[in-house]
Structures are given as C-alpha cells and as structure tokens.
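Chain naming follows the written order as A, B and C, and within any one chain the residues start at number 1.
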Amino acid sequence: MRTYRQEFVVETATRRAFVNITSQVVKCLEESGIQEGLLLCNSMHITSSVFINDDETGLHYDFEKWLERLAPQKPYEQYRHNGIENNADAHLKRQIMGREVVIAVTKGRLDFGTWEQIFYGEFDGQRKKRILVKIIGE
Amino acid sequence: MRTYRQEFVVETATRRAFVNITSQVVKCLEESGIQEGLLLCNSMHITSSVFINDDETGLHYDFEKWLERLAPQKPYEQYRHNGIENNADAHLKRQIMGREVVIAVTKGRLDFGTWEQIFYGEFDGQRKKRILVKIIGE
Amino acid sequence: MRTYRQEFVVETATRRAFVNITSQVVKCLEESGIQEGLLLCNSMHITSSVFINDDETGLHYDFEKWLERLAPQKPYEQYRHNGIENNADAHLKRQIMGREVVIAVTKGRLDFGTWEQIFYGEFDGQRKKRILVKIIGE
C-alpha cells in the first residue's frame, strides 16, 4: 500500500468565488504514482468547500445567487456567530456545498464522468486557504 | 491490497426519481471478494446524487417537494445556466443531496445501521446515467 | 494494509443537538495504531449527521435556527412521511448536514486545519444512536 499527501493554497480576490482545482489535483495524483485507490480532497477551512460540479460560468452565478438566498451574508446581526466574526453565512453555505470529495483512482487517473470537475468554493476569502489531497492505493 | 471497480446504468422514466440501488452495490461488493475496507459509490453525472436515507415512499415524496421548494425547476429563466440547458435546478438539487457515499466494508458486508439504504437521486433523467462503485481493502 | 472498526453511542437529552465527538474519534485512531490512511466516520442512523465545522456555541444556535427555517419540524402534517413517524424534518436536515466525513490520517493523527472539529448532529434524539469509525491504512 502507498500513501501520498500534498496541500496547496488558494487565495481569492473576492469574499466568495468558485475556483476549478482539477488540474492541481491531477498533478498530485501523477506525482503520487498511485494507479488504483481512493483520493480525498478537502478544504482545511470551515468556511469553504471542495465539491464536484460543472465548469460553467452561468451555473456558478446561479450557485452564488442561490446560496445567498438560502444563507444570506447580511444582515450580520441575524447570526449569533457574528458577535465574534462576520462569516456565519460562510459556515452555513459550506454545509450545503460540502467539505470534501472522495474520488476513485483507476489506471492512474481520476475516474470521472464526462463533465465532472473539482471546485474549491470559497465563502470567506481574500486570504490564503489550504486544500488537502490524500491518496491511498497501490 | 485489493481494488475493485464496476459501473452500472440507471435510466429513469421521469425527470426526477429516487432509485434504491442497495442490491446492485451489494452485488459489486460480493463480486469483489473484499472483506475489510472502504467502498465509494458516486454518480458519474453532475445532475444526480448518490445518498443514504430511508426506503419510504412518503419520505421520497417529501424530498421531491422540499427540493422543488429550495431549488425550483421553473421558471427556467431564473437561472443563467439555462441559457445553454434547462437543468440548472438539477445541479443545485444535487449539491443538497450529495455526489457520493463512502461506506465501511466489514466481514465482507456493507457496515450499515438498521435503516440505511443507498439511493440514486435523479434530477435530470430520462436518459442513461452511470454510477460508479470502487472498493479498496483486502 | 490494516483496518480498524469501532462504534460508539451518543444519546442526547433534546430532540436536536450538536455534540463534539473529535476526542472519541482521536481515541479510535490512537487505538488503531494506523499512521497513514483514511478514516471514515458516519452516523449509522438516517436522522442524524456527522460533519466538520466550528466548535462555537453561537454558530450551533445559527445552525439550529437555519435548519428549522429550511426544513421545519412542524406542522407535522406537511410531510407524508409523518403518517408513520413524526421525524420527516430530521431526514431532510440530515441531507444538508451530511451523513459522513472522510479524514486523512497522516503520521498517526487526523490531518486537520486549525479549526476543524468533528460533530455529531442529532435531529431526532433522546435515544441511543450509533456512530461508526472505520480506518484503513498502514
């Protein structure tokens, strides 16, 4: 059995953003040399997500609008957590979009359907955030 | 270490449906011969989900009604993604229900609580969709 | 390859509660002796969640209020599932918060960011509920 660990950093210019991280994850997988196994990719922060969906700008706009409807940023006073910080909405949005993805590794590649792409969903950005990749297999 | 990979196809008669896929996943596990490990089951499409919940018709009706309230299919024009397609709501619904499940394999069986059952949640069906099962262990 | 399995029980005094289970999971990991691998932690019930977020009382109050807004407990009659039971809302809430977490194990420790903590989210409690920990690695 072999294992591999790597982390990389994303820093978004805006408070919220969706960043396609598929190529970084593929690079980790290639570096690992693992042919068959499972790959975990997760945000190391609790105000952001790693998820799999479509790389389409219109859809990302829809996600942003939808998440703001389900868990609005403002007014800040609607959340008790905001006595300390102003990012309660980010903790909520991250629950809908998820923390992590687990991906099958087959013949040295991400075992994906046609349209699957990996995204980092940032809900409280404008600072360095870490993303973890862990692979186990052989 | 051993690994196993299989995919199977679901085609629903309606745009949205919940399909119990537990028996197909169990069949994969038995075929793999793996006794101890982890099993990943995910949709290979970005408008559908694999999730674990109750096999109860009333609850599935509640899921359908609830998801339509949180992310309605129509009017199509409310979503920018629908300039290209008409399935933006399906991409959103899938985020709530999730892409994948990871299940413990113990003594050659799915290590489940009493009521856990695996479902494929289709939100843009009426065509062939692929589901992946990957198992690693020994 | 080594595998480890353990379950433990949580019983909450209220119908809904968030319980920090990080120390129980760490104890499992230490007991396993596994240094590198993946750890799965999931609820064995379909009306509760295991998720990773912040250990902050204000935020937990926000989660409770938010989940009640998205999937209210009452009126019971709004859900068909409640012909049989009265916990349909718990099945819905669990979908937002998720069933499971998969965590990287590195150098014998949970490979976590600064603020990551593991929670059991109970949505239909006041009875014994089981949580599963499965670890594979070496």
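Here is the rule we go by: a contact is a pair of C-beta atoms (placed from the backbone, for glycine too) under 8 Å apart; a residue touches a chain by one contact, two chains touch by 3 or more.
Note that the structure is a prediction, hence the values are computed from the model and not measured.
Chemist: Interface overlap for chain B and chain C, more than half of numbers shared or less than half: same or different?
Modeler: Mostly different residues: under half of the interface numbers shared.
Chemist: How many degrees of rotation bring the Cα atoms of chain A onto the matching Cα atoms of chain B, given to the nearest 5?
Modeler: Superposing chain A on chain B takes a rotation of 120 degrees, nearest 5.
Chemist: Taking the mean of the CA coordinates per chain, how far is chain B from chain C in Å?
Modeler: 20
Chemist: Can you tell me which residues of chain B touch two or more of the remaining chains?
Modeler: Counting only residues that touch two or more other chains, chain B contributes 1, 38, 70, 96, 98, 102, 136.
Chemist: Under the stated contact criterion, what part of chain B meets chain C in this complex?
Modeler: 1, 36-38, 51-54, 56-59, 61-63, 66, 70, 96-98, 101-104, 106, 111-116, 136-138
Chemist: Which residues of chain A touch chain C in the complex?
Modeler: Residue positions touching the partner: 1, 3, 5, 38, 40, 42-46, 70-71, 79-84, 88, 91-92, 94-96, 98-100, 102, 130, 132, 134, 136.
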